[in-house]
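I have a structure I would like to understand better, so I am pasting it below and will then ask my questions one at a time.
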Amino acid sequence: MVRNDPSEKGATGFLPSGGARVASMRWAGRYLPVIGMPLLLAVALLFTTWIHPSFGAFDIQSLALGALPLAFAAAAQTCVVISGGIDLSVGSLIAVANVLAASTMQHADFRQALLLAAGILIAGAISGAINGAIVVLSRIPDVVVTLTTGFIWGGVALLIMEKPGGGAPQQFLDLAAGTTLAPWLPNAVILLIAAVAVVWIPLKLGRAGLLVYAVGSDRVAAFRSGVGVETTRILAYTLSGLFSAMGGLALTMTTAIGAPLAGVYYTLSGLAALVIGGVSLTGGRGGISGPVLAAFVLTLIPTDLIFLNIDPNYGQVIQGTLIVLVVMLGGFVTVLRNRK
Amino acid sequence: MSARIPSTGRRPPSVLGKRSRDLLVFLRDHTIVALVLLLCIFVFGIELIRPGTVTPTWLSNSLQFAAPLGILAAGQTLVMLTGGIDLSVASVATGAAYLLTTNVSLGGFAAVLIALAFGVIVGALNGIGVALLQVQPLVMTLGTGLMSGGVMIVYSQKMLASQARVPGFIQALGSGKLWGVAPLDLFLWVPLAALLIFGLSRTGFGRLLYAIGDNRLACHLTGIRVWRILLVNYILCSVVAAVGGLVLVGSTNAADLGLADVYLLPSVAAVIIGGTSIFGGRGGYGGSIVGAVILTVLTSLLTLLDVPEPIKQILYGAIILVLAAAYARLTG
Amino acid sequence: MRTSSKLLYASLFTILLSVAGAYSARAADKYVVGVSNTLIGNGWREEMICSIKAQALASGVVSKVIVANRNAGPAEQISDLRNLISAGVNVIVLNPSDREALNPVIKQAAARGIVVVAVDQAVSAPEAYVLSNDQVDYGKAGAEWLFKHLNGKGNVVEMRGIDGVPADADRHKGFTEALANYPNIKVVAMPFTGWALNKSAQQAKDLLASGKQIDGIWTSGLDAVVVDAIQTSGKPLMPVIGADNNGFVGQLITLKDKGFAGAAVTNPPSVGGAGLAVALDVLQKKGDHPKVIKITPEVWDNTSDVGLATLKRNYDPKLDPYYSMDYTVAPYTTYTKDQLLACKGP
Amino acid sequence: MTEAATLLEIKNVAKRFGSVKALRSAELRVRAGEIHALMGANGAGKSTLVKIITGVFPCDAGSIVLAGVARNFRSPAEARRAGIVSVYQDPALVPDLTLSQNMRLARVPLESVTGYLAEMGIGKVDLSAYVRDLPQPILRLIDLARALASEPKVLLLDEITAALPSDMAGKVFEMMRRWRERGHAVIFISHRMAEVSAICDRTTVLRDGATVGVTETASGSQEQIVSLMLGTDIAKAAQSVAQPGVGQSIPKDEPPTLEVRGMGLRNLLHDLSFSLRPGEVLGVAALEGQGQDELFDCLAGVRRFDSGTILVEGKEVHFRHPGDAIKAGLVFVPANRLQALLQQRAIRENVALPMFRSPRSWGPLSMARERERVQSAVTRLQIDTRAEAELRRLSGGNQQKVVLARWISHGFKTLLCFDPTRGIDVGTKRQIYSLIRELAAAGSSILLFTSELPEIRLACDRAIVMFAGRIVNEMPAREADEATLLLSAHGLVPRVAAEA
């Protein structure tokens, strides 16, 4: 509970420390998070092709389509968690964007659909900012705020569209559902990479990202360094809203309709992807690639269950066990390290 | 989750007069009074909207329905006092209820034991993760909730023709009334509440829960084996949740695998409305009880208002948010 | 976290390897059936899947039933369907989570010669067979019985399901259609139960205690809990419309003496088995089936002799209160009740 | 004497938190080109004043005038832009960012920071290192360099030297002087009178939220400052430095209560051996980071060591948990009160906490007995119980007394005190040391580490000096003057030379 307590860390750095081992650990600490998840995804894919040798372009597209909304949900959650918060309204915001898109784009042409999509992204960002503003201004813990705004946004989604329906022009759907460049390279993957990169890379290179990480790492130190803690937290929620809106649009692209209740699954799954993707809930650490790739791994679980013809009800057990094992082993390693 | 740090926010300069400030101070120290007042306002509101609704029967019904939520919130209070949260309470309650109905053939008592054992197992798993391996409670209990929910689904596949039914005494407990007005579940809930309120303020264990919620490191340095208390506490929480599941299945007279899902978020909300800090160390069960009753009455109110479902959801969320905000202002 | 996750994944990998080995043997020249369902932990849906398994076994021409089953929305169902296609199934029986969203993937399946049958709820893709309970009719039939029983006059409560779900909207449509013919029937409350037992119970008790005059209750399938609520409220037993759930069927029989009138409207989960039967016929080129088959719900009331006899014939006190008792769909299903209860595929 | 221009003027500043008046009427005038000390007992309002000056929170009344312009900063960033920068006791560096990222965060030019670091003699810092991997003292200097790099007109240093080894403290003083020479102002907050009189030009003293006086540094100003800080009566008492019973002869024949033999821990502790007799206060002197933290942690059961043994009353003991140490009679008072106390709970609960160590005590508790036990300890320590419902409303000194009351009411054989007077005002310090003497006189043994070397002579019977994880010197307390201790603490002792 006591984080970054100055007196907890001895001033061991004054003494010459054990050279190579420390260096290699530091190297591992720096690069494993970067290569860990891609490696895991590769292993999972290899395993899938092994149990299902005809795994090909069709299946890659299935995977990409299935993972796309979840990946955005995970990205949304990541932004907030890195800033030291949590957002339990991600799923509801996805639902809002989904029904907003499907209800407005039904009779639109491609160009109008793109304009509407831009509008929805802005609306998502604003909704996220509202979440953030409530968290900051009310001084209620973020868990409580986003839990309740989750109810509220869910109600808003139902207000916009009471039952599933709507639609979007085919060209717009093909942004995710098609394969333009190569049959084995689904548009969904390109879209995901492009969307995440457009938001994340400038953030990471620019000052805003620095602020988000700083606030998540140590709010007091950040404040003393002249960081506007409150605006930064709102920024993180805004980004979360933006990614949630992307998730909602992705849901529209992959399903071609709006469904007021379809988004709700993504709050918990997004959190699961985040945890498995190696982002610490304490904030300040981790990147966006881990959770996004973890979304693909999580999507592969039911796929493999189908290929193996295992009772699919084990899917939830596996997902829960995976979370529990990952965090427990993580805790175990920390406890061991602290004991030394 | 945000860490407890000195607030960087600023307070608005006080524009209140002395008398209203005194009132605020009084309410801050006796938040439960404010909560009860609020409850009265809700009840009054119902009577205003639908004159003739607030009758002894209605009141007794409301208490009867508040009981399962209140019991789930009891476990949640224990965990939240230590700065944790338990997102597996709904899965545990559902699982306990389902195990009870499907094992009745072994005898009612044995079925109850099996149901409670399920609580012990999930609670122990939570406890091991949180207490020994120092996993964040939110993630740990999210995982065990998914896991135990999944296990129950797999189990249910094998139990389709198991002659499931709810034993008579559980049904009486969940939906019976003494002399037609006193809900029987209160005879479980009230002693449990008394035990908990006494236990939290007047036993060493209760003291330790507050102490751990306040400063886990200080407890460790003072020679307290924190993990023992946390482990026991998470088991207690899950067992209490299992009991809540039994009361719940008594009121519905049948279990499905989504039985207690709708209670998960309200169980957290009831504790928060009741004034227990989500960071731990402050609060108590008395507030959670009022919180549970408020939420139950609020649901009633929304049913009787007969507004469209989306509006209900928005109102429900907004009212909890406003309550939490008011609380934050009051105790700041 | 990193070292630990490596360890973990290594062990998981090994487990999955061994499982894969066990499942790699395949039977030849029989059909592989894929099932897609997106609501788990729901008794009705489980019974539907069991009926598919039982029908697969009874047909004798199915080698394997692969079930894709999870709580999810259309996006996940699309990916499940694609995976089933990829797994090489010959038949897909699905309970669609949406009418439109699955059309592209159904087209793809049909293009590969897979017979797709949507059961319970409809899809609009012309390639698919649709075998469903007529939900509009379900809402209408029960409501009409209720309104007629009340002699066209009185206050009723419509206890709906989940707002935003197609089946709920269809049933409401049927209910509203019936209502149009009875100008003196007034709907005094229309709560959404979320198809949750306890929420239903609380709403029923709240409404009963609210002092409103209520002459009859129409429920969207959560019936026994409402009857229990009326009994504990101490009010006279008013007529209730429910589904063919075992517990409610039992109440209709046992509480008749206390003046309880009501009707169970059938909503058989065995549409799953029936759907498979249709699909197998199509594959084997046996007989001709229309693309859209609607199962018209029956109304089992306890006020007529025929109705009461049907209720008594179907009631089984040994089964779960929410087990659906209309377990066959003539003329399609061929399994026995025991096969259904065993819930074992080939 | 020509009066230099007043650079920063604080007039009549007041601030209340709820019902607590933190500041009533604080006044402060700082000239350009001076080092100005701000002193006051704990709870006098120094930190509040600093936070108001730097815009952490606004004041309720009063004004801040910087270079003739009235200002009201709404954030530290705004204050920084106006030329006021503060360095706090704990570094304001974000742990999960690298040093260079931290500099970007605060918008200070990297070259300028490295320049100042070089001036302080630590030019070889890896700027891509994560802050969480760096030791605290270095971070404090980096924090200072970062503050200097934004070229502040007014530099506030809040107890920056509190846990800094003296060589590094020297560097900080050097930088302060340089800043003065450039015509800027430095506001220096410290509890160490010697530092203040050595480096500061003037001192403003706060008491109970109000400015009570300003003194020029001159001979005799120390006494003046103390009397201002404490009010006259207490000041007199505080001046009687020697504690009763210091340096008394301990009967040699009694077996030691605590004996450490050959304790070793990785490369942090090497072959540590010493013993502690009943009624003895053993002082530990060391610069920051010489293994004293680890030694106390090992003795308190907080961490395990690799080799050697601990004997309590002649019997070997093994600690797997702090609870084991407490059972063996070794109790620990950490330097950081946040590590020891429950801030939101009452004094009573804080004092009674160790009673619940065993599951046997989890049952119902007797409130009357608890109250009685707690009350006697609270009375004995003269703890101010006006705000007893929540510990966080107590002043730092009173909080530290609560920690001591906890162990006195619980009972112990050996008290492990790690810098118990860090950041505590003079009056409370005296109370704590006389309490330590009392406890020793009653037969307890006490191991005391203090970062303020003169205190060894005031409170201890005997002293050991640690350097680089070894005990390099041992002496009776009366020989432990500051010069001797400092020499040993830097490893400059003949014995070490002989070994090498």
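Chains: A, B, C and D, in written order; residue numbering restarts at 1 for each.
One rule holds in what follows: a contact is a pair of C-beta atoms (placed from the backbone, for glycine too) under 8 Å apart; a residue touches a chain by one contact, two chains touch by 3 or more.
Bear in mind the structure is a predicted one, so any value in this text is a computation, not a measurement.
Taking each chain's centre as the mean of its CA atoms, C is the chain most distant from subunit D. Set side by side, the interfaces B-D and B-C show unequal numbers of C-beta pairs in contact, with more at B-C. Centroid to centroid, with C-alpha atoms defining each point, subunit A and subunit D lie 43 Å apart.
We define each chain's centre as the mean of its Cα atoms; on that basis subunit C and subunit D are separated by 70 Å. Averaged Cα coordinates give subunit B a centre that lies 32 Å from the centre of subunit C. Shared interface positions of subunit C, i.e. residues touching 2 or more other chains, are given as 40, 163.
Listed for subunit B are residues 8, 149, 153, 157, 215, 217, 309-310, each touching two or more other chains.
Among all residues of subunit A, those that touch two or more other chains are 2, 5, 158, 162, 220, 223, 311, 313, 315-316, 322, 330, 332. Here, these are the chain pairs in contact: A-B, A-C, A-D, B-C, B-D.
Those residues of subunit D whose C-beta lies close enough to touch subunit B in the complex are 19, 56-58, 60, 300-302, 321-327, 332, 334, 338-345, 349, 352-357, 359, 361-365, 367, 406.
By the touch criterion given at the top, residues 1-3, 5, 84-86, 134, 136, 138-145, 147-152, 154-159, 162, 219-220, 223, 229-230, 268, 271-272, 275, 281-282, 311, 313-324, 327-328, 330-332, 334-335 of subunit A touch subunit B in their complex. On subunit D, the positions that touch subunit A within their shared complex are 56, 75-77, 80, 86, 88, 90-97, 101-102, 104-107, 132-138, 267-268, 288-289, 293-294, 304, 334-336, 338-339, 468-469. The touching residues of subunit B, counted against subunit D in their complex, run 8, 10, 13, 25, 198, 202-205, 207-208, 210-211, 214-215, 217-225, 228-229, 281-282. Within the complex formed with subunit C, the residues of subunit B that make contact are 50-53, 55, 57-58, 61, 65, 68, 101, 149, 152-153, 156-157, 160-165, 175-177, 180, 248, 251-263, 296, 299-300, 303-304, 306, 309-310.
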